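The following pair of complexes shares a single chain, chain A, combined with chain B in the former and chain C in the latter.
So, the complex of A and B:
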């Protein structure tokens, strides 16, 4: 064999930078190849966002519609029938017509209906007297839902009474007329706030879970051990991991935004640039958490569980995406201030539904930026080229 | 070359100590006040069993760990203070080399070349040499995960050689690799040392490999037993190494067992149909038909090991109800057995038979299909085709009844780590359906026969390796099985523990227990009555050890070893199928030793 001497180029700092860049490029290329070839990264990076989009967009709905309700008409006078017709025509109710209370109560006990509306036998007589009453019993198992149903019933009663008054056939006692309007979500459609929330979940999954898993996999397979004993520096290893997953997360982000706009017709009232910038910051934060976790936990299973617990679950429950932060107990609400997802959700809801409200965008963006910087420094400090 | 031969040693350790903390337990001492050195331009071997401290020492040298006390200078640099300086100049191949299995051979090489800053021009010179050396040329675009074990090791080595390191650290590069690949790896390393005065420090558990190094450091339980040339160790056995020939009708195995039981004999191993043994100093001449032979490294090693470890006693075993020896009775019959995992054929139409009281050995490298075969024999895995008859029952129809009559010791011993020794035995006894008086009697038997009393209360995770192996064997024998399956029982065990293991196995066989065992130590085949050599799912040769060795007999090698036999058989089969260019390689490179 011929002489295999290789002289190491060293010296000037520009040279050092050139080889640093070359090492980072090599790591990014390696990582990209692995992402493309590994079905599980594709699954988490592309398939999972799609499933979540479809699940949240079509499967999960917080809207109260088609409420099953028992309408007990004790005596079918023309007024009573006319009144009940209001329920039959409403998209919010699915009425079951009955003639007496006991079977209706039974239905309510078995929770086949969410409520019972009783139109008493003397309904028509009281209308003439101007003091008609109907009885409403609502299943209170889900207090929020019960309140919404109650509101709907009152709405229908109000509309019917107004119509009656305009025909002049009775004297309705309705001196004040409430004109309610829903801002930001005029159609009262829950996909308006579910789909922006979805963006948070997808970013969290790709940024946090995927990076924690791939890093732990390198520990498990012993690939880092041989890589450590090369001129590669630990910040280069971190960058080599961060860049490809950053791109992958933005890809998932693109999928979510496109489906929000074209599949679910959620309006984007703020600027696209604010949305993109805020999302990039949040991805950096999620990546930082993932890398930080994986430098402590060197096992894929534990890393994924821990990331789920630390990032995904809080993003789901405590970010204000599903549950209103202001109605949480104080202690829990204080915890939410530590969650990056909280700030991102605030930004998303503002940009999607309200527009560029700078008093919301500026503080939340600053907090996310600070968190990203702290996590980057943190994972840099924790990442040593050493085996524990 | 930027090395400076003749200057300070490439690696100097001075009073190096390293402990590892454990949860709820006393810390382990991996290295205990170790002082040693490795010189430039030489091949230095760290020899010792699992837990000797070899890997810890190499990781310290690579700057991956920090010592608790003592100093370590690598290439003149204090590695604890400046790990990056050392890492820029050395190459390191960990035990499980971190190849990226989803990258191709060429992509793995390019990654390491990029990380080491090897220029395009340099690669054009370097790559063809690496390809020639490792014979990986035809597989450049194959994914690393799809290479055989030996090829993976060679690729790992190539990745460390993308540029000339000033020091090459190799952690057990040949463990679990087939003898042919072992030979090739050694050829590569010895050539690099001879032709380019590369400095290499490697660790190994194979004692025959130590003999090929200039400088050998023997580690045992974190301490240096000796360091110097292999001859210096061999010389300890000067005038004490002998070879005895068994009487007609006596097997080498039973003569070996007989010799090993004698207190004046330090070591005895079956060797090519005869028995090689080492006498204690006090040995008097006696009636053995023996011939004095030149001592080898292993003989001296065993003398040193015996001096330093009194814990592992070599003892025999007596079972409560010996099985009647009916020589001709076949207890395991395997015909045309096939196992496929998707498109991959793990076991490819194998046939063999085992008679009662025989020791049957399945030999082959990692990935040959040994464990898969075992799992099918034990009814743990359904075969894709073929017939399997174990203890008179067709395993496919009646796995439960067949299973009650066999014992199984899995690779790495499936014990319950948090349970104590007695709790493990209790559990396995209950799992086998033992109750009351019989259960107590069997557990007492196991505690006594396997000498488990010393650590009875310790959890099995805390046990030292040899003890763990005894406990696993005891658990597998509780229900008095007539067939015992042992999967790689001696992998990573120190030579003394291996001797003790085989002493018990031969005793069991003499009492009519049928033993089926896998191993990748070729020398251990000599303990078996019959062996089968497996490679990539096929049985390439089977017969008695003497018959198999005979396959490699030639004028150049009138007395081939089991390694030679394996290499000959595998080369013949690979040459026939034209799968690997390995045959071409071996032909043009005379042994480099």
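So, the complex of A and C:
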């Protein structure tokens, strides 16, 4: 290797390239051997994605069904029984019939039910008079769920009132009706957007974690200094570190996509090539973040904590995977623009559910490419500075 | 008695050494004390299912006073922003596809006439379902604005009011703010991450650098070494939890309904469980990288399947059983119930005993593994 370095200065440029490639290949070989010998890297590249996608794909859901609700019928008149039947037939509710409020409220207090619906004793009399009321108390702990439950109750009440109205007069009960359609997800299945989002989380975590420890470990053990004595240059070291983990992360990505498609039946409406291209870019970005952090802090303990903090939690909370970006305050929204996960989430949700929408694909891939380039340059600069 | 005192003194000395090792390095100190507070601030704003800015495009094919009045109801709500006025149905897909608008409100040509004839008019709503939860919430907002329009219109034109009204109330969170639900849950979540990792990694580091063997030569007993590793992490965890709690109360001004003593009693038990898991990991892992991987393998499921962001009640039964070993699940329930509902310890028994069990099992297993390793 030392002879090659001497020839690099005087020899032709093609010769220099050949020796450069040889050095990178040697580094890749060394890193690959290290990965194969420590099964924990394989675990993170292949086993972790599979476990996570299975666990979360089945476990995470925002769909509200079988809501336990206490239905308090104070006096069982035919109208009240008919009205309550609407809840018993609905797949969204699991009603517990009761006769008075105090035990129902106790159930709500202990959070055994999510809501209490009270049908007052004088329900039938008021229905005849046209000014009936039912009382609904919802456990507001989980506001999102509470809102969905209120919507369901409103739906059941609306249907029942419409039926009542149609028996009486011919007039429509509502002047304006809303006819809603949900594009890209007609069945309103939350796994359609959660599973592509999970792919982002898994890739972020794997990419960052795989490389976070790599450089820090070599610094801690002092092996990086001994590497600098060799003719290997710093960008070659970086490339040699990145390539094996890149392949490993792509393998994990393949597992994620296969399970999204065949286990969770999320439609893939865009092209496979766009998906693959965008994901390769994102994996590079994620690996780059790990490399940058670990060559900056040079301490495995701090590197691991930092990587977790800047990759996993923001990708979870700030990427638009769960929470709507447009509703965040301006300062927080500005922070999200710095997050690569944000662009990858937009890409994946579009490519999976909407198809090849170029107005989404082009800007987002360009930004990811710019981030990958910036991270590569940044890691190199940090390495150089550390050397000086 | 004397041996007990000297045992305590030894644990104290180790704790002091550990705390110094963690807190003396400025980078390490910053990475432990600052992130929970910053995260609580940022995520406190970000982690909400409530929408306060919904972009929509109007496709008004009627151009009547009634259709304008309905759209004005949306524009005046303070939530909806009209980003485009479409002319043709064929324009819809490009606006939705490019994510320019979350919703399309389409009003048919005969809207006003049908309204006045009492035939019932239709408003078509098309939503971008790429995040179906957001879309559903936005459609709910539109529906309630249309309902308001209906009751105004009915009132003006002598329609009978709907025969059945719902009087809805919400307990514990009257304004239905997700933030009230999220931020107390974060006390446990943000703490777990670093407490568990700190414990797992600090033992793994000693082992990787060979200082663990030196520690074993000293008169410390394995139990004391473990306690010396566990206590500093718990101290750090308690500081972090207090930081998040302060953000919740002082910054977000979420009223604290319970007792601090109850909350910290629950948190202490939770931290003990987290540290126990961390120690167990470090007993298994040979290097820091392995310790990190195993921690991640647990932290990610713990934090996603904890009920913080998606409700436990929506999980399939099999996964729900799996969450029984998740200490964060109990911690989030405890913090939420103490914080929002003011529950006392007697109502929290169902959360406390699993935490105690997890702590006892993991600590016992870790000490057993350390013990056998030494012999």
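Operating definition for what follows: the second predicted complex is superposed on the first by the 349 of 388 C-alpha atoms of A that agree within 3 Å, B and C clash if a C-alpha of one lies under 4 Å from a C-alpha of the other, contacts with A are read in each partner's own complex, and residues count from 1 in each chain.
Keep in mind that, in the parts below, a contact is a pair of C-beta atoms (placed from the backbone, for glycine too) under 8 Å apart; a residue touches a chain by one contact, two chains touch by 3 or more.
Computed from a predicted structure; not experimentally measured.
Q: Under the stated touch criterion, which partner chain does A:299 make contact with: chain B (first), chain C (second), both, or neither?
A: After superposition on chain A, A:299 lies in contact with chain C alone.
Q: After superposition on the shared chain, which partner residues are touched by A:271: those of chain B (first), chain C (second), both, or neither?
A: Neither partner.
Q: Of the two partner chains, chain B (first) and chain C (second), which one does A:25 touch, if any: first, second, both, or neither?
A: first
Q: Based on the superposed arrangement, let me know which partner A:33 touches: chain B (first), chain C (second), both, or neither?
A: first
Q: Chain A residues in contact: does chain B have more, or chain C?
A: Of the two chains, more chain A residues are contacted by C.
Q: For A:222 in the superposed arrangement: first (chain B), second (chain C), both or neither?
A: A:222 sits against chain B, while chain C stays out of touch.
Q: Is A:88 in contact with chain B, with chain C, with both, or with neither (first, second, both, neither)?
A: neither
Q: Quick check on the superposed pair: does A:106 touch chain B, chain C, both, or neither? Answer first, second, both or neither.
A: The answer is neither, since A:106 touches no partner chain.
Q: Once the two structures are superposed, pull the chain A residues common to the chain B and chain C interfaces.
A: Correct list for chain A: 38.
Q: Write out the stretch or stretches of chain A touching chain B in their complex.
A: Residue list for chain A touching chain B: 1-9, 19, 22-23, 25-27, 29-30, 33-34, 37-38, 218, 221-233, 385-387.
Q: If you look only at chain A, which of its residues touch chain C in the complex?
A: Listed in rising order, the residues of chain A that touch chain C are 38, 40-41, 43-44, 48, 51-52, 55-56, 58-67, 108, 110, 114, 127, 130-148, 150-151, 153-154, 157, 160-161, 164-165, 171-186, 188-190, 192-194, 201, 205, 209, 212-213, 217, 297, 299-302, 304-306, 308-309, 312-313, 316-318, 320, 322-324, 326-329, 331-332, 335-336, 346, 349-350, 353-355, 357, 359-360.
Q: Which of the residues in chain B end up touching chain A in this complex?
A: 1-2, 59, 62-66, 83-84, 87-88, 90-103, 107, 110-112, 114-119, 122, 125-126, 129, 132-133, 156, 159-160, 163-164, 169, 191, 195-196
Q: Residues of chain C touching chain A in their complex?
A: 25, 27-28, 31-32, 35, 39, 42-43, 45-55, 70, 94, 96-99, 102, 115, 118-137, 139-140, 142-143, 146, 149-150, 153-154, 157, 159-174, 176-178, 180-181, 193-194, 197-198, 201-202, 205, 287-290, 292-294, 296-297, 299-301, 303-305, 309-311, 313-316, 318-319, 322-323, 336, 340-341, 347
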